[in-house]
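Going by the order they are written in, the chains are A, B, C, D and E; count residues from 1 in each one.
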Amino acid sequence: MKDRIREILSWYSSENPGVLTNLARMLNHGRLGGTGKMVILPVDQGFEHGPARSFAPNPAGYDPRYHFQLAIEAGCNAYAAPLGFLEAGAAEFAGDIPLILKCNNHDVLNDERDPISAVTSGVEDALRLGCVAIGFTIYPGSSERNQMYEQLRELTLEAKSAGLATVVWSYPRGSSLSKEGETAIDVVTYAAQIAAQLGADIIKVKLPSAKVELAEAQKVYQKYEIPTSTLAERVKHVVQSAFDGRRIVIFSGGATAADDQFFNEARAIRDGGGFGSIIGRNSFQRSHDDAIKFLGQVMGIYEGSVK
Amino acid sequence: MKDRIREILSWYSSENPGVLTNLARMLNHGRLGGTGKMVILPVDQGFEHGPARSFAPNPAGYDPRYHFQLAIEAGCNAYAAPLGFLEAGAAEFAGDIPLILKCNNHDVLNDERDPISAVTSGVEDALRLGCVAIGFTIYPGSSERNQMYEQLRELTLEAKSAGLATVVWSYPRGSSLSKEGETAIDVVTYAAQIAAQLGADIIKVKLPSAKVELAEAQKVYQKYEIPTSTLAERVKHVVQSAFDGRRIVIFSGGATAADDQFFNEARAIRDGGGFGSIIGRNSFQRSHDDAIKFLGQVMGIYEGSVK
Amino acid sequence: MKDRIREILSWYSSENPGVLTNLARMLNHGRLGGTGKMVILPVDQGFEHGPARSFAPNPAGYDPRYHFQLAIEAGCNAYAAPLGFLEAGAAEFAGDIPLILKCNNHDVLNDERDPISAVTSGVEDALRLGCVAIGFTIYPGSSERNQMYEQLRELTLEAKSAGLATVVWSYPRGSSLSKEGETAIDVVTYAAQIAAQLGADIIKVKLPSAKVELAEAQKVYQKYEIPTSTLAERVKHVVQSAFDGRRIVIFSGGATAADDQFFNEARAIRDGGGFGSIIGRNSFQRSHDDAIKFLGQVMGIYEGSVK
Amino acid sequence: MKDRIREILSWYSSENPGVLTNLARMLNHGRLGGTGKMVILPVDQGFEHGPARSFAPNPAGYDPRYHFQLAIEAGCNAYAAPLGFLEAGAAEFAGDIPLILKCNNHDVLNDERDPISAVTSGVEDALRLGCVAIGFTIYPGSSERNQMYEQLRELTLEAKSAGLATVVWSYPRGSSLSKEGETAIDVVTYAAQIAAQLGADIIKVKLPSAKVELAEAQKVYQKYEIPTSTLAERVKHVVQSAFDGRRIVIFSGGATAADDQFFNEARAIRDGGGFGSIIGRNSFQRSHDDAIKFLGQVMGIYEGSVK
Amino acid sequence: MKDRIREILSWYSSENPGVLTNLARMLNHGRLGGTGKMVILPVDQGFEHGPARSFAPNPAGYDPRYHFQLAIEAGCNAYAAPLGFLEAGAAEFAGDIPLILKCNNHDVLNDERDPISAVTSGVEDALRLGCVAIGFTIYPGSSERNQMYEQLRELTLEAKSAGLATVVWSYPRGSSLSKEGETAIDVVTYAAQIAAQLGADIIKVKLPSAKVELAEAQKVYQKYEIPTSTLAERVKHVVQSAFDGRRIVIFSGGATAADDQFFNEARAIRDGGGFGSIIGRNSFQRSHDDAIKFLGQVMGIYEGSVK
């Protein structure tokens, strides 16, 4: 085992060897294996946004096998998807890439101010499909948050007993937050803290802005002059907020952006001490060859071979 | 096993042999057995619309045995009905036709804007009645959708453990959709995707119109010029949206229509790559002999003996 | 076993021998034993309406033993009551009359537009009290109906596993129905159908009027000229709606009426193919001797010894 | 066993020997042991009204041991209290007095129109603390009543399986009742009936007034001229409403009243055939010696040594 | 075992040896071990208020190991934190300090008038992390209080079976209380009583003011002239309200205050018979050395070495 991986696993000393093994499987897989950095391919947009919005830009993506192959060829650390998408390839690609079963999902045929996802699969499914981890989305800020935390708590307890790792998407949303507040620095760090306190092994948050949403937090940011002007500083503060860097925090890129901007964001994540990216639409919505090249560039930034 | 059936089963490589066996039982049964096409007789209208509206047009249908006999004589692949209707014939016709237990039902004595069906039976019932599959209706678009997805998830998990297949009726309805939107092409494809992601083995949707309901989707349909002008094109897009054709998708005909129109719809389903029809009122609300002839004509279209 | 009983049991071919045995116990008991007709004494009014309204007219009825004795002496097929009333006599009268445990109850200290009863006992209680069946009330038309159907479904599954029969009181009520609509012919037949589809062995409904409540149903009643002008025709239509006569349907008389009117109703039930009556207030609210005579007269009508 | 106790136990012939034994333990304990009359000390006011309102009048009562000692010295049949109060003395006074674990409680820091208590302990607790019975409060008339009945039903089922007796406090309250209606004769008798039907072994109600609350009931009280002018007549009618005297019904005195009035009420309970009293604030809010004397006087009235 | 510890354990005579052992572990640990006094370090503010508001004043606190070390070095009796914080150190510091797993948590990204915390961990987690106790917050006065009491009841039952102690944070809040009422003397004593009745072994409340919130309580405080003018008198009354001193009651200091004021409060707790303090922000939001000194001063007050 590489020293860096041994170091990272040492932060999870309360987890049983099963969970440690599955964390190691992700950290040791693919091009970034052994570096302590991760790039994960998530494909749940078919459920979250609908099939045409997700796959019409690159119709090969309607086929669930496409994403397994893309993640494998690109050298991602893991592939994350809902039950159906994993069922449609888990046997064919058994053992080729670590799988994360996304256990709750939300669709936009009926959208609401205070969202909550449906629990669509669980630990039994993850085990029968050979996954290394469960994935779960929480929406801190939603009036339904307690129910989500409690659903996550039950899944996490069961996952840990079964030796599976837990990956939490922590996305603030809800009627008590402004739209911009969803990515405010105090809100994103709070979301990372909540996920860590709930027992998450890997935490996924959005890249934060410099805005501070909550009045009580604003006083503290000013008094202690917490640096948040550059993206790298903000990433550093997010990582600090997840147990001072002792939990793996990765960042999502959101909708497609210009490649240069995306690469700059990856550099900021790297420089701020983030552990990597989870890249969905930016990878599977472009052509296969373009996606391989794009993901290669991102991984190059994380491993240091690309500036 | 015919090659086409072997091919179809290969899409379900994550299912255990029990589920594969029960899928094969349906695919190999009746006149269309071995073709990969299916015509299923569903009779849940007694619960969904009331007895007189359902059976007065052909009073023989008040007797639950009538529908078993009709499905058997017509050479359907399977017969689907609620608990009571199956209990009233499952022993008498044991082994004569694959049975699908419809596990949730909705009545119109109290109708609502955002519907949810009652769970009226389950896997234990399906097993004691010798069924090959459970059936379940979800209403994407309803504010109650999460509860339905979660009910389905629990039933599906249990069904798969018991080696039963899962058939999902995915019918968009609810306060966030316009009446026409319930069959809009973007909404029907979304409904098919959701059912597939939830782990359905067989998906039943309504035939879609060319309308696009959601603004975000409309941009995509225009930008990528997704062909939706003919019914066959729309069927093709629905099938694509269900894992690029790697899930069985069948279509419902809705209320009784002129036979010619119905046959044209069957041709469009066939030409678009659909897997068949689920035909309720159009078959059991006409006289026995007429129904046999009508269903024979539809099956002829699917097997290619009728143009 | 009498041929008629053998015939009736043949309709329940999916039930296990335990359920068939308990159905037979009711069908073979009392004066109408072996005829296929039933008169059942139900006494849940103490809970449903309060003690004084129920028992002041004949104070002997405050004592739970009175009703056991009345049902036995009158030769009823079964006695149905809530937990407390059965507990107060089940040991003393063990084996003297088939017992039905009424598993849910509703009181009028807090009445509501869309009612739901409380589940007050269950299969474990029925077994320890030596009952042959569970009884359960559903209110189709209530906004709470799904919860009731699901409660019934769980009880029924458990009852069937334990070899107990299921008796369903199907009483349409709720904000979506007019007061007269609760006994409209289309609504009562719908209620009978729902109970049958939910797996009920014996269905209890109210005698219907000729009114048709729902607009969609009205079109069908007119188009197919369903005969509903006489009470016997309406009874026939209700029986038809319960699986074409292949489920036992009995009728309740409601509040006390003039005896002659009641006897005429019994004749209509008999002539329409109904299976009998469930008679509560009309029997236990008159004096013991009068009740014995009255019930004897009703049974005479059913067995044909009284015109 | 005294004949009167044998007679009382004969009313509970459906209960198992475990429940009968625990009923006998209460009926045979203390000064009234063997008479068929009961005086029970309940102390749940610390939870229901707060500590100062409960114990400031006699600060010795802050100590949970005080109430065990009071009940033992006074010769009560049983002592009833919530989990914490019983935990604080059950070992020290093991076997000295029958204990009733009050399994639900309500506080007034947040009061509401339609109350429901929290379930605060259960059968497992009762068993580990050596109790003879569980106690539970229902509020008929509250819009939450169904939930309470169902909670009670589950506890009762479990208690009976474990051989524990069930004591039900049946206190009508809620938005559908007037304040005076809570103790109206028709409402109190209805509450007694409901508790009996729910399977209670011992029923506790408030002393009723002559008022009739419900219009439908009023017609019956007038038509049948039910005597309710004296308190003894009303007690008799309550006892009649609890299975014609075949269930133990005891009465609560409510807040502290003048002693003479209280003794008169006890005489009315005795003369009307009631089974005794449950006396909380009137006993533990006076000094120890005064309480012993007061309770002795009440017991004297019940055993006949005091007129 | 020191006599004082033996005496305290004697109050918990209904608990099994497992719970007694874990209570003893806390009472015997650290500088105050054996004195019967306790100082506990709780760190759940990362979840309750967010990371920056909690840890920016002393950034070392972002690291979960910091708090273990602080509690150990300062000689606290126990350290309490949510799941994530304990997972991040329980193995590394195994056996070095008694741990309390805080099993529910509340965040302020969505705050509400009538709060309820999410259940975020449970007894299984406490056992696998080597904890001596579970911790749980209730908000008496909230309209959600019954749900919290019932969650606590289930956890407590399970904890006691597993030999774990139960620590309850009882913090009145909710729409039925004024802001000042949350710390009113009648409300705080009521909150202590409720926690004790729910079976808590250790109760944590806020220091009360002399205000009386509830009108019914006010009458009693005046009539019986309950002394509440000094803080020590009020502490004494709180301790009295928790079973007359037979339950361990400790007090929280709330937000940072001037040290002198804090020490005076500790003296009042000591003089009023309180069992100690639970000190979060006042300890971990100052520098390490300052915190050690500060906590040493507080412990000195409790052990009597500091006046």
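In this section, contacts are C-beta pairs under 8 Å (C-beta built on N, C-alpha and C of every residue); 3 or more make two chains touch, one makes a residue touch a chain.
Heads up on the chains, UniProt names are A, B, C, D, E = fructose-bisphosphate aldolase.
Just so you know, these numbers come straight off a predicted model, no measurement behind them.
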{"item": "Contacts common to subunit A and subunit D (chain labels)", "value": "E"}
{"item": "Lowest number of touching-chain links that must be crossed from subunit A to subunit E", "value": "1"}
{"item": "Chain labels contacting subunit B and also subunit D", "value": "C"}
{"item": "Relative orientation of copies subunit C and subunit E, as a Cα rotation angle in degrees, nearest 5", "value": "145"}
{"item": "Inter-chain centre distance, subunit A versus subunit B - centres from mean C-alpha coordinates, in Å", "value": "36"}
{"item": "Chain centre separation (subunit A, subunit C; CA means) in Å", "value": "58"}
{"item": "Two or more partner chains touched - positions in subunit E", "value": "none"}
{"item": "Topology of the chain contact graph, where touching chains are joined (line, ring, star, complete, other)", "value": "ring"}
{"item": "Chains in cyclic order, anchored at subunit B, direction fixed by subunit C", "value": "B, C, D, E, A"}
{"item": "In the complex with subunit D, residue positions of subunit C that touch it", "value": "46-47, 49-53, 56-57, 59, 62-64, 82-92, 105, 107-112, 116-122, 124-125, 128-129"}
{"item": "In the complex, subunit A residues that touch subunit E", "value": "11-15, 114, 140-143, 145-147, 149-150, 153, 157, 172, 174-177, 186-187, 189-194, 196-200, 214, 216-217, 220-221, 223-224, 226, 237, 240-241, 243-244, 246-247"}
